[in-house]
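For reference, the structures are reproduced in the following blocks.
In what follows, chain A forms one complex with chain B and a second complex with chain C.
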Partner chain A sequence: MATDTGCLYGLTFVTHFYGARKSILAPQLGTSELMAGQVVEGTRAAIEVAAKEPGCQLIPVVSLCVAETAGLPEEMLPKKIGDAEVVLVRVPAYAIHSHPEAKDVALAALLKRLGNATAPKEKKTLALLGEVFPADPLAIDNLLRQMGVEATITLPGRAIDDLRRAGHVGALAPLHPFYKETTAVFRSWSIPVVGGAPVGISGSYAWLKAVGSLLELDPKLVNDVAEAERARAEAMLKAQPLSGRIFVTGYEGTELAYARLLVEAGAEVPYISTSIGQDPLVLPDEMWLRARGTKEIVYRKSLEDDVAALDKYPPDFVLGTTPFCAIAKERGIPAMYFTNQLASRPFFLSTGMAATLGFINQTMKGHERYQWMQSFFEGEAADA
Partner chain B sequence: MPKVIRDLSDSSSYWAAVWTMCAMPDVHVICDAPIGCFNLVATAVPDYTDAIPHIENITPSVITETEVGGSGTGPAVQRTYENLRDEGILDGKKLIVVSTAESEMIGSDLSDLVTKLQPGTTFFHSESLSDDEWLGRDRVLQWLWENYGQAAAADIQVEPGLVNIIGPTYGCFNAPSDLHEIKRTIEGAGGRLNLIFPYEATLAQIAQLAKAQVNVVLYKEFGHTLADSLGQPWLHAPMGMQGTTQFVQKLGELLGTQDKAQAFIAQEKKTTLSAIWDLWKGPQSDWFPTTNIGIVACGTYVDGFTAFLGNELGMPISFASSRPLRPGELDNEGVRQLLHSNPPAFVFGSINEKIYLSEAGARYTNFIPASFPGPIVRRAVGTPFMGYRGTVYLLQEIVNRLYEVLFNFLPVDSAYSKGPRPGATNGASKPAADKPGNLPWELEAKAALDAALDQLPFLPRISASREIQMQAEQAAHEAGLEKVTAELIQQVLATRKN
Partner chain C sequence: MSNSIPLGTIAQEAKPCQLHPQSMCPAFGSLRVLTRIEDRIPLWPRIRVACMASLL
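Presenting the complex of A and B:
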C-alpha cells in the first residue's frame, strides 16, 4: 500500500476489522523519502518483501493520494516477481470519491492483467459481479443451472483462478450498479452484459429472462424456472409484508437495489442516498423507484443531506451510515448500519428477500426499545 | 535500501491533532483533506477505538482533483467554512483548520486564509508527512496551550492541592479505565482534581491549567512538553505496586499531604491489593516463573508491565516492543518471526500480533489486547492497567486465562479418540489399541519431540507431549513400523503445524 502513515493506519485498521487478517506491507513515505524521490524505490522494496511470502501469487499495489500526487509510474514497477503478478491499483480519494467505485477500479485492474481475453468462450456460463453474501451466488447458481447454465463464477472471487477464468464466460451479470470500469473490460473482451439484477419479484423475473435470452437457453425451461421463482417470491411477500417509512442511506452503492426490494414488499421509501455518483447503470432503478413514490435520491451525499431528510420525511426505520444512524437513534428512531447488517445477509432472489425482509420486520417490531433508550438517556426521563 | 513497513502500528500526527482537538466540544475542526482522510479518522476508526458513533465536530474540505491539480485548497476550505457558518454549526465554537498529508503534499499553507475566516480561527500545520501520532499529540497539546491558554493564564494563581491530568485523547487504549484509576489515586494521595486535559476539558478552560500545583502526565509518549511549559512539578502516571506506591508518596510530598498519602497506601494494601497478596500466597504464584510474556504496546505499558509482571511478580519477559518503537527493540518483522517460531504463553498486543499468532497457529498462546490498532471496547472503568487496581486487574486476567489453559489443554483421554489422525500414511488405519504398550523411540525422534515441546508455553506442554506421542505411535502403527523414527516424528510435527 503506497500512501502516508495516517491513511495506511486507517485503511489497515478497517481492513482487519472486516476480517482480512493479512499482514500488509508499505513503503515508508515520509517527508524525507518524498523529498528524495523514493516513492518508486520504496514501493519496489515492499514488493520484494511481499514476494518472499510462501505461496505468494499476486501482489496488488494500492496507490493512494500521497503516492499518486508524488507520481508512481507503472512502468517503473515490475510486472512479475518470482511467481507473483504485480498489479498496480490507483485509487486516490481525491479522484475516486467512494469506496464502491474504488472496488470497481481495483477489480478492473486485476482483470486487465489476469483475465484471459483470447480464450474461447464457454457460451453457457455466466460471471456474477459484485461483493455479495456468500450464500447468494449459490442460490443464483442453483436456479441458473435449472435453466441450462453450465457454470457460474463470482467476482471478486476467492481464488486468483476466478480472475483468470473470467475471460471465458458467455456473459457478465453485474449484481451491483457501480462496476463501470469492470464492465468495460468485459465489453472489450466481446462478452455481453446482462442488465438489472435478481432483486425482488419483478427484478428477479426480468433478470432470469434476460440471462436466458442472452445465453440462448431453452426459452421454455427459462420460463418455467422464472415463473416458479416469481411464485415463490410472491408467496414469501404475502407471508411477511412490510409497512412503514424506511430510509436507505448507506455508502455501498447498492442502496437503490435494496430500496427497490423494500418498496416491492410494501414499504414507503421517500428518501435514498448513496456515496456513488449518478450513472446510467443506476438509472433503471432510479426510474423504477421514482415511479413508485420515492421523492429524493441523493448521489455523493453528505451527512447534512441525510439529516435534512430526517426532518422532511420522519422515518420509522433507517438503514444508514454510522453517523446518520447515531443521529436517528438520538431521536428514538430504529436505525441500523447498512454495511454491517445488510451485507451480512442474503439479498438476491426469493431466498434473499426472505432473509432481508425478515430481518427488517423483526427490527421494526423493536421500535419501543429505541424509544425507551432515547427517553432514558435524553428524554423526559433522563433526569429521573 | 528504503524502509519497508510491515503492518503499521502508529498513526500520523494529523490523526493526533484531530483526536486531541475534537475531544473538546467547543472546538470545530476543518480538516484540509480528501474524503477518505476524514472518513477514517472521524467515523470509521473511532467506532472501534473509542466506541463512539462518530466525531461530530469535524468537517472535511474534500480535496478533489481540482485542488490537487493546481487551484490549491484555499477555496475549498473557504467554502466549507461558509457552509458551516451559514448552518450555525460554528456558533459558540472556535474554528481550527488542520493540514493533512495530502494538503501538505500539495504545499497548502492556510496561515493567511484563516485570518479571513471567523475571528480567532487558527491553522495547525500537523506535519503529517513526518511525525507520528505520539509526537503529534505532544506537539498539539503544547500548541493548544500556547494559542488558547498561555496569555490568559498570566493572571491565574496556583491553587495548592489542585492537580491536572494531561492526556488522554481519543485513540488511547484503555484510557477511560486508566484515567478513572489515576483520578482515584490522586485523590487518595490528598490531591484535588483540576483540569483533565483534553479528555474532559473545553478549549475555553485551557488557561485554567495554570491553577494546578502539580501535573500528572498520563503517558510517557506525550504531554511532557506541555507539563514542562506549565512550570509546576509533574509526575508520570504510575503502573505496578512499587511504581504506584512511589507515586502516591511523591504526590503527597509535593502537595504536603504525606499523612493522607501514607494512610491511602496502608488502606489499599488491606483492600484493593489484598487480592495480589492472597494470589501470591496461593498456588497461583507458583506458575509465574514459567509463564512468559511478550509485550507490544505503548512504551508506558511496556515499562509498566515489565515492572509489575516481570520484576514484581517474576514472570519472564520474552520480548517487548514499544509504540513508538525504541532503539534496539524488535520491529513488526522481528515480532512476527518470533511469534511464528517461539511464541510465549501470553502476548499483550494489537491486532497485528493477533494476526501473526493466527498465521503461526499458536493455539497455546493467550492473546490479551493492549494496544491499537484493533477493534475493541474498553469503556468499562473497571479494567485499568495503571495504578493499584491495574495490578489486580492484570493479574486476575492472567490467572483466569491460565485456568482456561488448564481446561483446554490438560490431557483428557477421551479427547484423543476424536479428530483426524495426523501422520496416517495409508488408508488401512488400525486402532492403536490393537498393539498395546509403548513403542520404542529412536533417540533422534525423542530429541525432535523435546525440541518441539520446548517451543511451547509451559502449561500446555503436558498435554502436547502426550498428544504428539500418541499421534506418532498411531502413525507408526499405521505405517507398520516397529519403532518411532526421526523421519516419522518430523512428518507428524509437520502435519501439526498446518
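Presenting the complex of A and C:
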C-alpha cells in the first residue's frame, strides 16, 4: 500500500477489525521520503519484497491520496515480477468518494489484468457481482441450477482463477448498482449484463426471467422456477407484512434495493440516502421507488441531509449510520445500524426476504421501549 | 474610479458546510476486495505491517 503512516495505520486497523486477518506491506512514506521524491522507489522496493513470497501470483498495489498526489506513474512500476502480476489500484479519497465505489475500482483493475476473455465462452455460466452475505450466492446458485445454469462465479471472491474465468462467462449479473467500471470491463468483453437484482417479489421474478433470456435457457423451465419462487415470496410476505414509515440511510450503496424490499412489503419509505453517486445503474430502482411514494433520494449524502429529513418526514424506524442512529434514538425513534444489522443476514430471493423482513418487523415492535428510554432520560435531565 | 466588489454574497447564499459523510475512508472498500483473495497473494498473514525504510 503506497500511502502515509497515518492512513496505513487506520486502514490496517479497519481491515483487521473486519476480520481479514492479513497485514499489509508498505513503504515508509513520511515527509522526508516525500520531499526526496522516493514514492516510486519505495513502492518498487516493497513490490520486490512481496515477490519473494514463495508461489506469489498477484501483488495488488493500493495507491492512496498521498502517493497519488505525489505522483505514482504506472509505467514506473513493473507489470510482472517473477510469476506475480503487479496490479495498480488507484483509490484516492479525493477522487473515489465512497468505499462501495472503491470496491468497484479494485475489482475492475484486477479483471482488466487477469480476466481471460480469449477462452471459449461458457455460455450457461453467470458471474454474480457484489459483496453479499455468504448464504446469498448459495441460494441464488441453487435456484439458477434448477433453471439450467451450469455454474455461477461470485465476484469479488477468494480465488484468482475466478477472476480469469470471469472473462468468458455467459452473462454478468450485478447485484449492487455501483459496479460501473467493472460492468464496463465485462461489456468490453461483449458479455451481456442482466439488469436489476433478485430482490423482493417483482424484482426476483423479473431477474430470473432476464437471466433465462440472456443465457438462452429453456423458457418453460425458467418460467416454472420463476413462478414457484414468486409464490414462495408472496406467501412469505403475507405471513409478515410491514407497516409504518422507515428511513433507509446507509453508506453501502445498497440502500435503494433495501428500500424497494421494504416498500414492496408494505412500508412507507419517504427518504433514502446513500454515499454513492447517481448512476444509470441505480436509475431503475430510483424510478420504481419514486413511483411508489419515495419523496427524496440523496446521493453523496451528509449527516446534515439525514437530520433535516428527520424533521421533514418523522419516521417510525431508522436504518442508518452510527451517528445518525444516535440522533434518532435521542428522539425516541427505534434505529439500527444499517451495515452491521442488514449486511449480516441474507437479503436476496424469498429466503433473504424472509430473514430481512423478519428482523425489521421484530425491531419495529420495540417502539414503546425507545419512547420509555427517551422519557426516562428526559426525567433524569430535569432532576439534575 | 474603482468598482467595489461586494464580499460575502456567495457565503450568504450558500448552504452551511456539510462535512460529515458518515463513511470510512473509501480505500477500505478496495481492501475488502483485495484481502478477500486467498490464493498466493503476499498480504503477509504472519508479519505485522512492515516498515521498509531500510530498503530506501
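General remarks:
Everything that follows uses one rule, which is that the second predicted complex is superposed on the first by the 369 of 384 C-alpha atoms of A that agree within 3 Å, B and C clash if a C-alpha of one lies under 4 Å from a C-alpha of the other, contacts with A are read in each partner's own complex, and residues count from 1 in each chain.
By our rule, contacts are C-beta pairs under 8 Å (C-beta built on N, C-alpha and C of every residue); 3 or more make two chains touch, one makes a residue touch a chain.
Please read all numbers here as calculations on a predicted model, not as lab measurements.
By the touch criterion stated above, A:Leu111 is placed in contact with neither chain B nor chain C.
When the shared chain is aligned, no partner comes close enough to touch A:Val318: not chain B, not chain C. Shared-chain residue A:Leu72: touches no atom of chain B or chain C. When the two structures are aligned on the shared chain, A:Met353 is found in touch with neither chain B nor chain C. By the document's definition of touching, of the two partners only chain B reaches A:Ala326; chain C does not.
Between chain B and chain C, it is C that contacts the larger number of residues in chain A. In the superposition on chain A, A:Val225 makes contact with neither chain B nor chain C.
Once chain A of one complex is fitted onto chain A of the other, the partner contacts of A:Leu172 are absent, as it touches neither chain B nor chain C. Shared-chain residue A:Gly157: touches chain C; no touch with chain B.
In the superposed model, A:Gly6 makes contact with chain B only, not with chain C. Looking at chain A, you'll find residues 3, 7-12, 14, 21-28, 33, 38, 41-42, 45-46, 49, 64, 93, 97-98, 304, 321-323 touch chain B in one structure and chain C in the other. Those residues of chain B that touch chain A in the complex are listed here as 1-8, 10-12, 14-15, 34-37, 40-41, 43-45, 47-48, 53-54, 56, 63-65, 67-68, 87, 100-102, 105-106, 128-130, 132, 336, 351-352, 355-356, 358-359, 372-375.
The part of chain A that touches chain B in the complex is made up of residues 3-14, 16-17, 21-34, 38, 41-42, 45-46, 49, 64-66, 69-70, 92-95, 97-98, 304, 321-323, 325-326. Partner chain A is touched in their complex by these residues of chain C: 16, 18-45, 47-53, 55-56. The touching residues of chain A, counted against chain C in their complex, run 3, 7-12, 14-15, 18, 20-28, 33, 38, 41-42, 45-46, 49-51, 53, 55-60, 62, 64, 84, 89, 91, 93, 96-107, 110, 131, 156-161, 251, 275, 300-306, 321-324.
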